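Structures incoming, each one as structure tokens.
The two complexes that follow have chain A in common; it is paired with chain B in the first and with chain C in the second.
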Partner chain A sequence: MGYALNFNLIWRHFDKLWGGLLLSLELAVISIAIGIVIGLVLAVWYVSAGRAVRAAIAAYVEFIRNVPLILLVYLVFYGLPTVVDLAYSAQTSFILTLSVYSGAYLVEVFRSGLEAVPRGQLDAGKAIGLTPWQRLVHVRLPTMLRITLPALSNTFISLFKDTSIASVISVPELTYGAQWINFNTFRIVEVYLVTTAMYLFTGYALLFALRLVERRFRAAR
Partner chain B sequence: MSTSSNDTPALLDVRNVSKSFGAAQVLRSVSLRVARGEVVTVIGPSGSGKTTLLRCVNFLESYDSGSIRIDGKEVGFRDSGTRQRRSERDLAAMRAETGMVFQSFNLFPHLTAAGNIMLGLRKVRGKSEAEARSIAEHWLGRVGLAHKADSLPAELSGGQQQRVGIARAVAMEPKILLLDEITSALDPELVGEVLAVVRSLAEDGMTMLMVTHEMAFARDASSRIVFMADGGVSAVGPPKEILAAETTNERLRTFLARFRASHF
Partner chain C sequence: MLTQIAYALPFLAQGFALTLWVSLLVVVLSLIAGVLLGVGLVYGPAPLRWAVRIFSDTIRGIPILVLMFFVYYGLPAIGLHLPSFWAAVLALTLFKTAQVIEYLRGAVGSIPKGQSEAAMAIGLTFRQRLAYVIFPQAFRRFLPPWINGVTDAVKGSALVSLLGITDLMQAINQVIGRTYEAMPLYILGALIYFAVNYALSLASRRLERRFSFIRE
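Then we have the complex of A and B:
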């Protein structure tokens, strides 16, 4: 073990990591927000739609879930602009990809949550005279949320980690910052130790925040 | 047989309602009238269609033929002739006129006891937050749960949850209250507190149609008892007549004998 750890060079370039982490979070938050909209709309549509719509939504989910994210990132960033006349930055391209990607996973989470809402609760909503829309908003979605929150937290953490893939198209997020420091300082062990710690810490912070939300939702409104 | 409800206009008028689930016919031309202020109890062996009948009255279940009217208005269809289903908005408005209490309580788990009662008052009746809250508190007081207004269903016992369920239904001031085996899921020691609430509502003149296995309660609280067997009405009459051991109705006698054997 002749390798002596030296973190000095890492701290000198720490702005690359810090800025990268902030961008990672930004990518995750925007993509997940769009993914939630996609997931909710499609899940609600799925549980109330006919066979054709269900098949189309299922095909979208299956496609996304069986193709590696990195391939989707390449396809959207390099492939799509050559087919259609579109110009977008790497960052926009990645947000678009991760949104569609997270949407597919969230459809599944929301759909199973919606289907897990006990029928008795929907009956109770009907019995007091709520319209279908009111039953969805005031009975089905709140219960679905409570059922899915743990699975949702896991999906969010996982999607946050997936932002590291943006580095392959040079989006300067955390992993890209780590690669940059590695190429320029060759302190490979130090930079990845620090980066790992940053992912770990942020992941735990997110999980903690999400657990607080879970507890809040369990408490009275 | 009671003739009283045949002369006065019935609040609930069920005529020749039939329904099948696939090949199984669960309701066979059921007719039943409930007058205002009457408490009618439906008894019968499991699988005799009691719950299905109740669920047809507020159109949680559709039916294949016949007609169900509340206060003269056809419940699920625009009119009984064309059998054109009402719009969802109409159905919701019709259902707001009937209250229902379920065997499994079915409280909204994310809302407090007061919140459960307030939801319909706010969204269906359009009451203000403060008004809904005060109505909710009034009814929680009536069912003996004033101190539990801000408790979540998960924090309440089965008997307490069911009393909230009753409060949620009656707070809407329904024309008729449907009670579907509301004590069947309760531990025996909690049954009494729930039945006491139902009894006090009956004394207030609330019209009720209930399915129950509590024979003693049915005998004491109802104006008439309907005995259902194989999806049809097999006997109707005042409790004394129906629950008499010497009834000539063969099926009823068997049912009562079995019931007594298993409960005493």
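Then we have the complex of A and C:
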């Protein structure tokens, strides 16, 4: 015991944490945006496809969900460039990984959302003469998005926390900034207290904001 | 390539054994701590409820990696010297305990209030109510998500590689450091993790289906 807290060095290097937090948010936002596209396309395809396509999509989902994220990050950053002729920065590599990762979770979210759209809405769409494409875009997807909004928010917040894994390939996000200060100033307890507070505050602020959005768009019953 | 990987297999198996050992410790310790704290959260006096709520929300609000570094680097700084293996197990257990608390709260919360009241009316003590009335019913709500959540412990255990512990993840990285066969080894590693976790999630789904016919 006898550890005296001294936050001076943390504030002196606070730009590492602040810049890191902004980058964490950026990584999460870009990845969920790409993940939503992957999830939507595959979910719509899944519900209308034959057996083989369904099996392939299910294999993608199950594989991603059952492998540690850190291994996927290594695989894409260190493994993939050895077999395909691609060169990318650590940051691009991480965004790619997190997008494919979130895509797998979102396929499941959207698929169950599509199934939850009341049958009567689709029949009503058919009755007023909408084409199948119009029924999808104007009836099925909007209702599905309202139903899945809470699950989307949760996925986003957990992706925000998952961005900490980017530190293992030296992407300078919040956890990386914390480690940098840890190793360079040895104000260990202080830096992790501040980092913890930053993750908590940002995470709960996001949750609160997203709950407000959800209330605005809640599916009519 | 294949001979090199075959040569590394015993080493990888050792790493895998360590991954399983870490996961098992975390799962057992967090089950005990989580059920105790979960009961505290549901039935405890207000200060205890608040303390458990803050603990759970804090732990679930930060990345496991930050929790792990905090425990690993922070404890020695305040004079507590844990071997890195136990620091890693402690951090993962804290994370998993918060999950178990929430599973338990959800499961117990799903039991209609009348059950508890009826048990009280026939004169059962608090412990008897839990043991004979609440827990047997809450068990089937608790088990499927809990088994599914074991996959989080197995996946989370891959982070101990960052503390220099030679689990499966670290063993794979070390073999790659010697053989430069990155892709085949990462894929092999992914398949091993997949096999363990997929089996767990199948078991969870099967149980859920088996319990689903029971109506409240």
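The criterion applied here is as follows: the second predicted complex is superposed on the first by the 217 of 221 C-alpha atoms of A that agree within 3 Å, B and C clash if a C-alpha of one lies under 4 Å from a C-alpha of the other, contacts with A are read in each partner's own complex, and residues count from 1 in each chain.
To be clear about the criterion, contacts are C-beta pairs under 8 Å (C-beta built on N, C-alpha and C of every residue); 3 or more make two chains touch, one makes a residue touch a chain.
Keep in mind the model is a prediction, meaning the values are calculated, not measured.
S.K.: Considering only touches as defined above, state whether A:Leu80 meets chain B (first), chain C (second), both or neither.
M.R.: In the superposition, A:Leu80 touches chain C alone.
S.K.: Check the residue A:Ala124 against both partner chains and state whether it touches chain B (first), chain C (second), both, or neither.
M.R.: first
S.K.: Determine, under the contact definition given at the top, whether A:Thr175 touches first (chain B), second (chain C), both, or neither.
M.R.: A:Thr175: touches chain C, not chain B.
S.K.: Can A:Leu71 be said to touch chain B (first), chain C (second), both, or neither?
M.R.: second
S.K.: Per the contact definition in the header, classify A:His138: touching chain B only (first), chain C only (second), both, or neither.
M.R.: Once the two structures are laid over each other on A, A:His138 reaches chain B alone.
S.K.: Between chain B and chain C, whom does A:Leu40 touch in the aligned arrangement: first, second, both, or neither?
M.R.: A:Leu40 sits against neither chain B nor chain C.
S.K.: Looking only at chain A, is it chain B or chain C that touches more of its residues?
M.R.: C
S.K.: Would you tell me the residues on chain A in contact with chain B in one complex that are also in contact with chain C in the other?
M.R.: In chain A, nothing is touched by chain B and also by chain C.
S.K.: Could you please specify the touching residues of chain B with respect to chain A in the complex?
M.R.: Per the touch definition, chain B meets chain A at residues 58, 60, 88-89, 91-100, 102, 104-112, 115, 119-120, 123-124, 150, 152, 168-169, 172.
S.K.: Under the stated contact criterion, what part of chain A meets chain C in this complex?
M.R.: Spelled out, the residues of chain A in touch with chain C are 1-3, 62-63, 65-72, 74-75, 78-80, 82-83, 161-165, 167-168, 175, 178-179, 182, 186, 188-189, 192, 195-196, 199-200, 203-204.
S.K.: Which of the residues in chain A come into contact with chain B in the complex?
M.R.: So the residues of chain A touching chain B come out as 118, 120-121, 123-132, 134, 138-139, 142-143, 146, 217, 219-221.
S.K.: Spell out the part of chain C that touches chain A in their complex, as residue ranges.
M.R.: Per the touch definition, chain C meets chain A at residues 58, 61-63, 65-66, 69-70, 73-74, 77-79, 151, 154-159, 161-162, 169, 172-173, 176, 180, 182-183, 186-187, 189-190, 193-194, 197-198, 201.
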